[in-house]
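Labels for the chains are A, B, C and D, by order of writing; each one numbers its residues from 1.
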Amino acid sequence: MLRYIARRLLLLIPVILGVTLITFTMLYFTPGDPARLTLGEQAGAEQLEQFREIHGLNDGYVVRFVNYIKNAVFHQDLGLSYRNRQPVFAEVASRFPTTLKLAGLGVLVAISIGIPVGIISATKQYSLFDSVSMIFALIGVSMPNFWQGMLMILFFSVYLKWLPSSGFNTFQQMILPALTIGTSTAAVITRMTRSSMLEVIRQDYIRTARAKGQKESKIITRHALGNAMIPIVTVIGLQFGYLLGGAVLTESIFGIPGVGRLMVDAIKQKDYPVVQGGVLFIAVTFSVVNLFIDILYAYLDPRIRSQYK
Amino acid sequence: MEKKNNTPAPTQQVAQKRNQWKEVWRRLRQNKMAMVGLAILIILALAAIFADVIAPNGFDNQVIKDRFQTPNSTHWFGTDNLGRGVFDRVIHGARVSLSIGIISVSIAIVFGGLLGALAGFYGGRVDNVIMRSMDILLAIPSILLAISIVSALGGGLFNVMLAVGISSIPGYARIVRASVITLKGQEFIEAARAIGANDSRIIMKHIIPNSLAPIIVQGTLGVAGAILSAAGLSFIGLGLSPPNPEWGAMLSGGRDYIRDHMHMTLFPGLMIMATIFALNLLGDGLRDALDPKLKN
Amino acid sequence: MTKKPLLEIKNLHVHYITNEGTVQAINDLNLELYPGETLGLVGETGAGKTTTALAMMRLVPNPPGKIVSGEVLYKGKNLVEMKEADLRKIRGNQISMIFQDPMTSLNPIMTVGDQIREGIMLHQKVDKATATKRAMDMLEVVGIPMERYDEYPHQFSGGMKQRVVIAISLSCNPEILIADEPTTALDVTIQAQVLQLMENLKVEFDTSMLMITHDLGVVAKVCDHVAIMYAGTVIEHAQKHKLYRTPKHPYTIGLFESIPNVHETTERLKPIIGLMPDPTDLPTGCTFHPRCPHAMDICKVEFPEVTHLSDEHWVRCHLYPADKEVE
Amino acid sequence: MKRSWQILALLMVLLLVVTSCSPAPTGDDPAPADPAETEDPADEEEPEEPAEPADEEEELIIAQGADAVSLDPHGQNDQSSSRVRVQMFDTLLMQDKNMEFQPLLATSWEQIDDLTVEFKLREGVKFHNGEDFGAKDVIYSIQRAIASPQAGHIVDMIDGDKLEEVDNLTVRVVTKEPFGPLLAHLSHPAAAITNEKAVTDAGDDIDITPVGTGPYKLKEWARGDYIILERNDDYWGEPAKTKTIRFRAVSENANRTIELETGGVHIAYDILPNDISKVEDNSDLQLFRDKNFSTTYVGFNAQKEPFDNKLVRQAINHAVNMDEIVEAVYYGTGNKASGPLGANVTFANTELEPYEYNPELAKEMLAEAGAEDISLVIWTNDNKIRMDIAEIMQNQLQAVGINATSEVVEWGAYLSQTAAGEHDMFILGWTTVTGDADYGLYALFHSSQFGDAGNRTFYKNERVDELLEIGRTATSVEDREAAYKEAQEIIREDAPWIFTWNGEDLTGASNRVSGFELHPAGHYRLHNVSLGN
């Protein structure tokens, strides 16, 4: 198992290099002058030149890329933000806990809704509960997250005045964002749980368990769920990984200072080191989450476990 | 009748194919929800095609004095901050959003499909190079990738389509590769090869038609995803911008007025929702129809 | 009539209700299983053998399956109407089942030992340690070293898996063992071993057995009685030798004629003409009449009732006058 | 088979762990509010972990649109950063809201010759790090500002090498050339005074380690989220009224008002014009509004046909119904511009008349100029207000037969392409941060400033060049005033812009807030603000 993990981590290296190259190239050819964007419309030509000199913007593509890789590899230095001259890594890392928390809470909400509802729907297929929850799940999947967030603010903050509309420090502030992310993710998880369970409960070994005289509830929890878990865990992991980098919209609606917002701001401001470092950071986290999921598979399924050895 | 023949005559094969699609359609027709979805989509598509007839005022007909009207008999969905009919804009927006969805998914299918087919068909080093590149793209969350591409290319309809399309290429590449690998081992491919068909012919005539089913399902759901992504891009100001009536851009434009003039965001939001809802219903239905094994 | 059947199925009807139409899987089926005997249930694929087995334990998947009418009497109690909780005490304990495909009938993420122990824990009031011990013993009984208790199904071969399934089904020493084509999915060499094992254990555990198969050879080897199924119903039910010697129903006759017999020299095999009817659209009257060489007018309208030819031999065919007497 | 449950439990626990590790400086659970706090149930914004448990005083919470980028006084020069920095840093002198100079770190000043001003410095001032303030700090800070790409343009008329320490409390500032608006520039937050030792100590962390002499000092900064400032008890002037101030970044415009209404913040900067009535009609809230130094304009490319023809530019000015735009886009806030400067800028020519909306006249003028079939593209960046202006203007221009379209150009490309003169027309804003006409005219209309430097219209008028130079170099107020008034008349007549709008600051506050005052440059000083009950 350890060897498997080590191999997977090694495989990350080409991915990281590739991501770096792609983002670097993309950013390099992005139009717009970072100096002007950072310093604003009122800065003079002298200051612009000075800025370009400091940040090595006058160098060519190859020189800049080589320098970047050199610094990253030999000095563990992803560069400084153009805007506030802070080390990019620290900058991204300081936003990361917030994003992690948002994604974590969202997925927590999603799991606690999605899995039970999905299981009940599957066991009571075609029942009223099933139809209603499937329609809700479909609505949840169909509703753009940011629109849902806006409506929730309107309802809970403006009309009812129950919950604050922005920020992410107190428990109350976390409720709306977590629900926004949670409900739409729950919709995905519900659907996946249901279809995975439906597939599993038609399997022969479920019939075997019934034939043993096992109780239906036990059959679901002991036999079916475990086998249905892999696709569910996959979806949870994918959603979680996605939220780590892609909760941009929710973050901007609720004014949450997460990685996604940082990235979008940096992209708009052409703060290339932050974009570059941020994408890298997210790519690595995303890959680590995927690895973690694969390890979970091994835990869940002895067949996979034996392959890893 | 049921002759076990590894190389069915072409006509026979075509006939089988036609029957197969007829069968799929028959199964699909029995799925009420899928039909509801299809009906919604047809209505939306008609609205998009005939937008100029349905909403002759166009999407940018400002009548400043009429702004912020709530829905009424002249302006069914009310008017926005510049006095344009929200209904007019939403209808013209269908054209934009649907074409973004369809074209970006087509881009993804064409490139992803091609890459996946090559990878699966040739295997070995080709496979390795292609799929590792896909892994790299997959390591970046798609919305972030789309954002980066749009910022590199600039906004605008085509660039948004391209960005959303590119960011979903890896998904299709994987699907096609997997189904090609399964197909490759099957007898009729070997048979085709045995009678001297070259690679490109095998790919075009045999592999691609036979891996269509998963692509169709994924593509239907992909259109939904693409519309959502594009709306998200517009919403954070990186996609299409006013006066373009793309639904996400309308949501973005209306967000400052949501408290006083909710209809400005309500209708574009509902349109997105209805579209995605319908696409999901149809996609689910198609999956069941194309893969009867999974049917409950 | 001399012995009282341990399990008796009376006029059972099972339907599968799907979008495509109603599949009449079991139609007016009758069956008796006597204590200590092995009954072979024989029929072509799609005749409804597995459904019959499932219906006996009320395991027909619902939806879409539904037991429409009829009785399954086990020791006089009707399993069809029994409460779920009472039924669970019978399943796996008094009636247990071996499924066709050992590859899929074991839970892939549970150790084989735990899967055996599960049934023991359910039906016997023993603590975990005792149950584990018994589960290990069962493994030994079916010829698997008990050290393999903690292994998972994927670590076993097909034949070994079927042994595990047998261990599960016999773990509570049931009165009736239903074996649904237990050897079909296995290699020919393994088939014999598994069959032998089952035979031995049947004796050892003093169990009655319903052996479902389409393989008349298997029947010949292990069964005492045979029931022939066609299109959802038993059309002939007899003591094995009687049936082999004097098959009565035209279908049964056809069946025997269609298999090669090493002891006799026949010119050529005679296949039964035609195909099994579409279960969504069964023929009227006797379901076999479209294929029957002896079909009469009445066969097209009326489904024949049971005709007892002798104590342990009955048939459902208009060629044989119906029973006069009513039991 | 408990694995699935274990997995679920494990996932949950992991997520909880993940969830409870919060951004670095904050704890997870808010400390219980003090009793007085409970009156305001919606107020969740409490200091997470009060430094001193005896901290009884409620903090003042302010919402602004973005978090500060840098707290280095000579770092990133954006509004959000400046608004925080002015609480912590002093300049030599400041302009009050009437643009009168008031002493801060300098107690008096005197023009010694055309190039030199001598400042007498305040005695007994200490920096937040305990260092004493003196002439060396002024010299160090100005030199540092000149060398900074972000702050340089505010002070680069000063000759850094000739800064002179007369004695510890006297310093002479020498400009390279005579420079009339020097004092206004030295009042700008980018000319703030910091301490060399503090800068050296901070090293790479200079952007997050502000050390000034101001009434507040930094207590905590959660990047992207909030900044907490704490009263500087060693302040040289009257100590600040409120002990702690928290600046929250609330980027969604509508949410700032919502937060104000629900009590999440006490002061909300830059509320939306359409939220004015919500603040005014709410008996718990008060609205502060006043004209500021910002102007929005639509620039022509004055070197490109047909916009090189003055008549065409004037015609287009007449073709635009600015009242409608101000009403539709700005909800009647601010006012339509009559010339290049807002009325509150020093030396603004308040006698200029706005161009009259007269489409017929516009058509005639276009005909006269022989430019009946103009096609033009109005560029804007993705700023909602500018996009709205572009859209309305496009419609209005179409009404006089001009084939106008609008195009949104991504900000980076926008700036570089307008600097390169690739445009027909573009929409931009300018804030005369110093409040002095020089800042609002020279860069925008002097022909030496073509392109990137600010004159993106490529407008050139020799008389204007001359007048702007007089205005800049003359040290007499009268001379400067005369030159600027004339220059503005010419610019208005030449119409390199469609003069659009002069801005207004809109700030909402709770009724409990007192002592708050707007400032036209937008950097509101908060040391007099207190929070009542």
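Everything that follows uses one rule, which is that a residue touches a chain if its C-beta (ideal position, glycine included) is under 8 Å from a C-beta of that chain, and two chains touch if they have at least 3 such contacts.
This is a predicted model, so every value here is computed, not measured.
Averaging C-alpha coordinates per chain and comparing to chain C, the farthest chain turns out to be D. At the centre of the protein atoms shown, by the Cα-centroid criterion, sits A.
The chain pair sharing the most C-beta contacts is A-D. Note: centroid distance chain A to chain C, computed from Cα atoms, is 52 Å. The centroid of the Cα atoms in chain C and the matching centroid in chain D are 86 Å apart. Chain centres here are Cα means. That of chain B falls 44 Å from that of chain D. For the pair chain A and chain B, the distance between mean C-alpha positions equals 23 Å. Residue numbers of chain C whose C-beta contacts span two or more other chains: 107, 109-110. For chain A, residues touching at least two other chains, in rising order: 30-31, 125, 158, 222-223, 226, 252, 268, 300.
Counting only residues that touch two or more partner chains, chain D has 1, 3, 252, 258, 410, 413. By the touch rule above, chain D contacts chain B in their complex via residues 252-254, 258, 272, 274-275, 278, 324, 327-328, 382, 384, 387-388, 391-392, 395, 406, 408-410, 413. Listed in rising order, the residues of chain A touching chain C in the complex are 125-126, 202-205, 207-216, 222-223, 226-227, 300-303, 306. Contact residues of chain C toward chain A in the complex are 54, 57, 59, 61, 63, 84, 88-93, 96-97, 99, 101, 104-110, 115, 118-119, 122-123, 152, 154-155, 165, 168-169. Within the complex, the chain A residues that touch chain B are 14-15, 18-19, 22-23, 26-27, 29-31, 125, 138-139, 141-147, 150-151, 154, 158, 198-199, 241-242, 244-246, 248-249, 252, 260, 263-264, 267-268, 275, 279, 282-284, 286-287.
Residues of chain A that touch chain D in their complex: 30-48, 50-51, 54, 83-87, 91, 94-95, 97-98, 100-101, 103-105, 107-108, 111, 115, 153, 157-158, 161, 164-173, 221-223, 225-226, 228-229, 233, 236, 252-255, 257-258, 261-262, 268, 270, 296, 299-300.
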